[in-house]
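Structure first, commentary second.
Labels A, B, C, D, E, F, G and H are assigned to the chains in the order they are written; within every chain, residues are numbered from 1.
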Amino acid sequence: MEPKVGVVTGSKSDLKVMEKCCEVLNQYGIKNELKVLSAHRTPDEATAFAVNARESGIDLIVAGAGMAAHLAGVVASRTTLPVIGVPLKSGDLGGMDALLSTVQMPPGIPVATVAVDGAKNAAHLAAQILSLKYPELEAKIMEQRNDMKKNVLS
Amino acid sequence: MEPKVGVVTGSKSDLKVMEKCCEVLNQYGIKNELKVLSAHRTPDEATAFAVNARESGIDLIVAGAGMAAHLAGVVASRTTLPVIGVPLKSGDLGGMDALLSTVQMPPGIPVATVAVDGAKNAAHLAAQILSLKYPELEAKIMEQRNDMKKNVLS
Amino acid sequence: MEPKVGVVTGSKSDLKVMEKCCEVLNQYGIKNELKVLSAHRTPDEATAFAVNARESGIDLIVAGAGMAAHLAGVVASRTTLPVIGVPLKSGDLGGMDALLSTVQMPPGIPVATVAVDGAKNAAHLAAQILSLKYPELEAKIMEQRNDMKKNVLS
Amino acid sequence: MEPKVGVVTGSKSDLKVMEKCCEVLNQYGIKNELKVLSAHRTPDEATAFAVNARESGIDLIVAGAGMAAHLAGVVASRTTLPVIGVPLKSGDLGGMDALLSTVQMPPGIPVATVAVDGAKNAAHLAAQILSLKYPELEAKIMEQRNDMKKNVLS
Amino acid sequence: MEPKVGVVTGSKSDLKVMEKCCEVLNQYGIKNELKVLSAHRTPDEATAFAVNARESGIDLIVAGAGMAAHLAGVVASRTTLPVIGVPLKSGDLGGMDALLSTVQMPPGIPVATVAVDGAKNAAHLAAQILSLKYPELEAKIMEQRNDMKKNVLS
Amino acid sequence: MEPKVGVVTGSKSDLKVMEKCCEVLNQYGIKNELKVLSAHRTPDEATAFAVNARESGIDLIVAGAGMAAHLAGVVASRTTLPVIGVPLKSGDLGGMDALLSTVQMPPGIPVATVAVDGAKNAAHLAAQILSLKYPELEAKIMEQRNDMKKNVLS
Amino acid sequence: MEPKVGVVTGSKSDLKVMEKCCEVLNQYGIKNELKVLSAHRTPDEATAFAVNARESGIDLIVAGAGMAAHLAGVVASRTTLPVIGVPLKSGDLGGMDALLSTVQMPPGIPVATVAVDGAKNAAHLAAQILSLKYPELEAKIMEQRNDMKKNVLS
Amino acid sequence: MEPKVGVVTGSKSDLKVMEKCCEVLNQYGIKNELKVLSAHRTPDEATAFAVNARESGIDLIVAGAGMAAHLAGVVASRTTLPVIGVPLKSGDLGGMDALLSTVQMPPGIPVATVAVDGAKNAAHLAAQILSLKYPELEAKIMEQRNDMKKNVLS
């Protein structure tokens, strides 16, 4: 059994930002797949992805979207897996629209939200969450933190 | 054939605001039904409502929701009927979260958004839209405008 | 009888954005004409346009404007046709000024507001609204949605 | 010849705030009349008021409105008299909607905007503007400033 | 081995809101303890809590704070456990200060942020995260979702 | 006797924007002089300018400033002439800081505020205000409006 | 020689908030006097206060003001003493206007800004600044911090 | 004994902005050292720096950070020296996140906040604060102000 993250994003134009999430997941040795799935343009596919995620071996979902960013919330409503939301800046409002659309979820269906365009942090958060189930990740997180520390102090 | 509007709202606590929409629809003589359907807590029911709306004789949907207000967008993604979104103030951010979550829809799936807590205006907008198909509504809109005018000038 | 949309914008500098609305309307086969009409600099012409819109065969008006974007509201006050407002980013405030000026209409005179710079979505919304009167549009909307879906999933 | 200010407000519910403007104008001995005129619900009357203002002896117009506050701009587009705009708080967004709708006027048709709910300051500004034509007002402004000063220092 | 959540909050005045988190955790049968620990007034104690959390059997930390809400970030910098941040409204800015201070974490040290005053959702999110390690929680989450659904539809 | 406007700006870096105000004033044939005077770095000179403005034949002052834009308010506190404030975008907050610092004046000392970077509109507003005293300006304003109208409609 | 702080506030209505600053200063044994001085309504007195502050034995100035809060900046422009600014909530914008008007000072004339309505923190900051000159204050700050710590942990 | 300022910044990418602070400190002849220390990635080092600052002869700390800018607050919680916070723009929200994270400190642990990206003003403020202990700085501040004044008036 190995950790696996499903990464989805609402638009092809967001792929470049979300690929940074996958790169960091790869550094942790966490299996991942990146898909474009729109809450609004492919609601059936987004729903199916979320409904089947647990069965297909996914432990956790990262969803990035811009503007009225509904993707993370829509996915979260269809799975009991933890969902990390990445608000993406697109358009003119600096990502504030995506941030509020992602983080202000109503009671019952939370989305674990990271910073605007925080694709990398979504991967770090995923690693921390997955370390509960896959304790071997803890050492990798410590290692990554030491690298960061060395980099800051150098 | 008569005009019919489906009014949905994301939470029982929003019923009071959205009932104002129904009252105005009633004044226009537009048939309507108000349902509580949450994009996040009852995604299947919300989807079914939207998918079946046209067949069940609904011409137009009004969806009110607060916070990360996904309801209008989720409904809009499942129907080709026009969807009017009413951002509702709930919580601490003055309704700005609901406004941006409702209006900033990505290309392809629009939501016709009215003001924060603008449940009445959703009904007026519905009447104007429905007047394209039901021309008898035009006279009622004119009448309502004259009443407003008299009220302002009195 | 065929569907017809009047598209107006407050400034020549906004033509480029609003032409995208006309392009999408053309894809739907919806007749349209784009005019520059300023609520403030040509109030008589803007009023005349709105007052005469229904008689000249227009079914629906799309109005795009930036800054203190009054155009959609001014037009809406002079017609019972549905009016879609497109807040345009111009100047330094990211379009938030145009968004609030367009969407926060007082009771009685609604404007169906789409996203900041959402000219394309104004056209999609117009198609959905017009499909009530011109049912042949429904198939075209479905087709466009299928194209979007294919594009996302490809 | 004596100074005269036309005070208009978009809704009866705003009368209480705008009456403070009239009270201050009265203290300056500036003739004034307060009317409810809505840019959206009584566009013809608002237009007629603005068009006829100069002929009816009005020197300056004060317009207060809330939400998507178009009244000052609509009036300003129909007269060459100076127009002072008072953004009024109404609804949930703290008056930011009315402020941006009033102050962010496009080039050519300015509105002299004061603070949110700044009805009193509109009157003080009116007195300063009118003092150019009616120099006797200058002494009254000085007197009012001395009173303020004494009040602060007491 | 049983799931355990450490709940910390920056001020006694926030206890009432954060107790709702503990109530929901209790409903899930998740062990929890609520402590007042300020990032600024008790930095040593907050650090010690975070450093020792894993050893003391804590699986996950929930941190609620208002204004310049640093608590979640400070705790996150000292542990590799997942940290959920709850921005609390306190003061005049509607909780926007706490939201941005909590969610906009720099790369490397993420905080899983929920809505302003979203103490209940922090508990739901905790349950979802903990279900990776404690699979028996999944059934309880499903049960809670069914209850919510029934409640919405009733 | 001829109309004269004093234009001041808080920084040399703002001269380029404020020169547009002078250009429009020149088109109206309104005498003007542009000075750099900082409320904070040259408080004595700014005060002296305001105190002596009326005596030196100035009818009206236009003050442009960015960030915590105090210049218009500081000048307004020292003269009974009308003061038009132009909030200037400089720095990272889109001019919102300058807008609020200029428009939100406390009771008693108003500043007639125009849009962010609205230097041209400050000149148009100045012309409208000065037309009360110099009626020959009215024809020029009408002419300018006709030019604008032709430009929009061409 | 003993430490002395001049506390000024722009309006009598703000006295209640600013008295909290004096109470905390008293706890530190720091001499202080609280005056109402308006940047706009009593500019001469505000200027005189700032110009004479150093000579009258004042070490540091705390200035609280609301709306377009110019008082701290105006005082800072007239003295080389450190000036702490307290943005006060008054009116409808949550204190954001006062915050930006106080903190966004242009290069050369800084204001040490604390939180909205942060009158107490202004006193704590004053004590820390004064401890450079009056080292005996350091022990009192430590004592106050210990009290805070005990209070949090109790 | 000579004045000494410790300047810290949360990320190498912020060094360029914060070096401007050191340049101005150098102009005042104030000894300073610039270090990269992250509140989140190097919490131990940031804590040690703050704890030891007074002993190592530092009189005052300037801390610059972006996004959820915790550095100034974290440092302030560990020292009784005055701490000046410089909110840095980084990312998409115009620095508003860093401003609120820095200025909205809770009661007891203040941060003297300057404008977004106000690194220079942090140095000017430092000089004013240090002039309490090192009176020879007053003349240099006066000199710098005279230079600024000449520069504005030239």
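Points to keep in mind about this one:
FYI, a contact is a pair of C-beta atoms (placed from the backbone, for glycine too) under 8 Å apart; a residue touches a chain by one contact, two chains touch by 3 or more.
As the structure is a computational prediction, the values presented were derived from the model and not from experiment.
The chains in contact with chain E and with chain F alike are G, H.
Between B-D and E-H, more C-beta contact pairs are found at E-H. Between the Cα centres of chain D and chain E there is a gap of 50 Å.
Each chain gets one centre point, the mean of its Cα atoms, and the points for chain D and chain H are 44 Å apart. Averaged C-alpha coordinates put the centre of chain A at 19 Å from the centre of chain E. Counting partner chains per residue, chain F shows two or more touched chains at residues 11, 38, 41, 67-68, 91, 93-94, 96, 103-106, 108-109, 115-116, 145, 148. Each chain pair that touches appears in this list: A-B, A-C, A-E, A-H, B-C, B-D, B-E, C-D, C-F, D-F, D-G, E-G, E-H, F-G, F-H, G-H.
Note for the complex: chain A touches chain C at residues 11-12, 36-38, 41-42, 45, 67-68, 91-94.
Across the complex, chain B meets chain A through its residues 10-11, 38-41, 43, 47, 66-68, 70, 73-74, 76-78, 91, 93, 96-97, 100-106, 108-109.
Across the complex, chain B meets chain D through its residues 89, 94-96, 115-117, 145, 148-149, 151-153. Interface residues of chain A, counted against chain E in their complex, comprise 59-60, 80-84, 99, 103-116, 118, 120-122, 124-125, 128-133, 138, 141-142, 144-145, 148.
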